[in-house]
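I have placed the structure first, in the form of structure tokens, so that the comments after it can refer back to it.
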Amino acid sequence: MLGIALGIGVLAVLVSALLGPKKASRAKLMAYESGNDPEHGGVGTGQRFPVHFYLVAMLFIVFDIETAFFFPLAVAYQKLVPFAFWEALTFVGLLLVGYYYILKKGVLEWT
Amino acid sequence: MPDWLAALLITLLKGVLVALALLTTFAYMTLIERRLLARMQIRLGPNRVGPLGLLQPLADAIKSIFKEDLRVTMADKLVYTMAPIVAIGMALTAFGGIPAGPPGSLFGENPWVYQLDAGILALLAITSMGVYGIFLGGWASGSKYPLLGSLRSSAQMISYELGMGLSILGLLMLVGSTAFVNIVEWQAQNGWMVLFQSLGFALFLVSSFAEVNRTPFDLPEAEQELVAGYLTEYSAIKWALFQMAEYVNMITASAIMATLFFGGYRGPVFLEGLVPGISSWPIVWLVLKIAFFLFLFIWVRGTLPRFRYDQLMRFGWKLLLPLALANTMLTAAYLAFARGAGLWPLALLSLLGLLALLALSDRVRVLWNQPTGRGAADDSFPARPLGGD
Amino acid sequence: MLTPPDVALAPLLPILLVLAGAVSSTVLGFHLPRRTLTAINLVLLLLSAAAMALLWSGPGELPATAFGGSLRADNAAVLLGLTIVAGSMMALLVSLDTAYRARLSFPEFDAMLMYAVTGTLLIAFSGDLIVMLIGLEVMSLASYVLATLQDSRRAEESGLKYFLLGSVGSAVLIYGLALVYGATGSLSYGGIAAATAGLTPGNLGLLVGGALLLLAGFGFKVALAPFHQWTPDVYSGAPTTVSLFLSTVVKVAAFAGMLRVFGGALQNAPFWASALQLLIAATLIVGNAASLFQTNFKRMLAYSAVAHTGFLAMALLGTPGLGGAALGYYLLVYTLMTGAALAIVAALQRTEAGMNISDLRGLYHRHPGYAVALAACLASLAGLPPFAGFFGKYLAFQAAFQNGYVWLSILAVLASVAALVYYLRPAMLLFMPDRTPAREYPHGQRPATNLTVALGVAAITVLGLLPNLWYGWLADPAIWELLAGR
């Protein structure tokens, strides 16, 4: 399935590259910046962005791993009741501690 | 022909069929969406190409393919080309795992392309790979608006993925399996999951809208602020591939919702009295349910305005995430201590939770409308302590 | 039905109490001043120590375990845990006085410190490699943050170095762990010890490779040469309170892990002892030689910590009964004397860079109490007889010597003679007459630091005169021979 799916994508790009016209000009190939000449462009060093996105990414990793840990517990849950409930409660409780911390630190605020 | 070759060929055939079906659906979705939106806004919509505009998608496709394929000078060549392929690849792959009928019901074959025990977990993993397409596309364009758009978009998608993953935990606890077939069969026995997990479904629905970047969460395309977000530097077929990925993701999300919460490929049992065996017809029921959700997507687009970005992030982190956890713990507590009472009290509890949320919506809105916390936290920073140096 | 694991709360209690402190600091930090949090944490540490003392199992009693033996509250764990708590309390007490000046007065400091202590206790209480690894990671991650917490270039540099090299060390350690698991098919110390008793030659190579990788990983954590490169930079770059914590508690915990793994699980495995012997020789030479040339007192203490790693690790070469007891005694003494010395540095330094050795000249005439205490600590670090450091070194040398490591013992004796030079030079400077203006930080009341220093110096003196106060608890060889469980 993955092969087919990627294949369709590659095929589409190839066909279009073969069939489409190629009349590029400097203005056409310029990065869009509301009609001005682009400044500080280019992949890599020129691209700066708010550090807040990093924080969100890191929080995502933490909480996503937590979700991933929760999946096996959820699947086996009914076979481990009631022990699993206390287990889950402890887990969620510790998670909420971290959640409260980031909430109070204002990491979830966007200005 | 050896068995493995036959199996391989059949799988390949099913894969191609699914992919083609998805692409056709995508093509006509664009038309249907434009027509429906036009109707909601009391105008006509595309009706010139062919009867009722039915050939419009074909014309669009031809245009996309024959259009000049630009690549801006500052872009990173390889990644810029790869990004749309990754996006569409992941979107198409995801759908293959969803069963369209009971095992062996499609001319003796299984009506799915691949089946993993991890089921929904694997599907979430594959769909989340779609973020790469968007982020890499924006980054590799080497331009400012795409970068900002892709950052916003990826931050949004990863934030709502949490709510999405957590909101189905209650469901998994009830079923005790992540495989789609087991989930569907469980619903055939006990009733649709949306009854028992109405709160969970509401959260999942909202997260799905955000995951596929649809209104009111279509921030990446907030054209007033970001031109066209990560799509700014894309044109021709690459742009079309991104659009395709978005719509295919929408179809997949509809299929997941139908499978997890609305009985999947099984039809309603009371129709069995009219036509025996009707509830286990393959494909039909799933397609009907998908169609309903696709209509919902369009309907919402015609109705709701867009979020502001800070509201969006607060909504995801401050409302969805805690609520999903609460829903999980509610289900967990119920299953641990009141399982003997059957499932209906849980359905009632879940519904009450949802209704309470709706009733309190004016209070809850403050959570994501207004910034809180930061100012207060700074003020309470400890002053110089007594004693010590 | 699946069977839930056996969760016994008694052996978990000391760890849970410390974790409660960490969590409360995280949450209450927004509402309470930091000093209140520190007080809460000190009380919780005391309670944790009490809980550990209650876990002490007399002769013939089986130690309490939880999670099917993954967590073992045996006597070795209790003794090492008490040492850890002592070191943590010293760090917290000192931070009461100096944290504000070091720009460390956040609730996060307390939280991170307590998380690190949670990890260290997990290592001491571990019954299998996975629990040990989790403890090690919790400890390491928290201590990377601690080293970076101060908002300064020096702290950032030290934290980043610590993080990069520490994560390499962790990675190496995990590889070793995987290889040992592959060779023996068991993760619990007892299972590994049983499997290594009768090895087939086929997986001997795997086992030896795993053991050596584990040794290298632990070498990073305890700073054995040639894996010690981060130590001086981190200890001298981090704020002094943090250096105190890193050089005592974290090192004790890493040695606890080594004791569990090498003294318990891998005691029958071949070859690691010879490699360890070489590492120790290198550590002794490098640590002591480098200390000789330092001009900054804090940096000298950092190198002395490296040198002491060598002395401490010698105890691992002894037979389990003798070596374990020697290590247990030496670790407590090392914690007390290093902690007290760094506490004095923290109190007197003008900046977090510490002070130059020459600045110590004439300290006796300005701060007689601190000068005498510092002299006692230095004498103990040098291993001079009335103080406990002498007995610790003696026990470690004896353990290695009796197990046949003669040339290493001789090298260690020579190294400690060289150590006399760099320890006693500042000690002599303390009492020399001096007319130049004072170079210490002049202000402030420091009751908590004074208490720490007084207790530390009193303890090393008393333990030096009456070593059996502590050694009596350790001396039973059965404690250390059952490290891996039955």
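Should a chain be cited, it is by its letter among A, B and C, assigned in written order, with residues numbered from 1 in that chain.
Convention: a contact is a pair of C-beta atoms (placed from the backbone, for glycine too) under 8 Å apart; a residue touches a chain by one contact, two chains touch by 3 or more.
Not measured: the values here are computed from a predicted model.
The most centrally placed chain, judged by C-alpha centroids, is A. Between A-B and A-C, more contacting C-beta pairs join the chains of A-B. For the pair subunit B and subunit C, the distance between C-alpha centroids works out to 51 Å. For the pair subunit A and subunit B, the distance between mean C-alpha positions equals 15 Å. Note: centroid distance subunit A to subunit C, computed from Cα atoms, is 40 Å.
Multi-chain contact residues of subunit A, defined as those touching 2 or more other chains: 76, 79, 84, 104.
Residue numbers of subunit B whose C-beta contacts span two or more other chains: 377. Residue positions 30 of subunit C are each in touch with at least two other chains.
Partner subunit B is touched in their complex by these residues of subunit A: 1-2, 4-6, 8-10, 12-13, 15-17, 19-24, 28-34, 38, 41-43, 46-47, 49, 53, 56-57, 60, 63-64, 67-68, 70-71, 74-79, 81-82, 84-85, 88-89, 92, 95-96, 99, 103-106, 108-111. Those residues of subunit C whose C-beta lies close enough to touch subunit A in the complex are 1-2, 4, 7, 23, 26-27, 30. Residue ranges of subunit A in contact with subunit C, taken from their complex: 76, 79-80, 83-84, 94, 97-98, 100-101, 104. Looking at the complex, you find that subunit B touches subunit A at residues 12, 15-16, 18-19, 23, 64-76, 79, 81, 84-86, 88-93, 96, 113-114, 121, 139-145, 147-148, 151, 154-155, 158-159, 161-162, 165-166, 169-170, 172-173, 176-178, 227, 232-233, 236-238, 240-241, 309-310, 313-314, 317-318, 321-322, 325, 328-329, 332-333, 335-337, 339, 371-374, 377.
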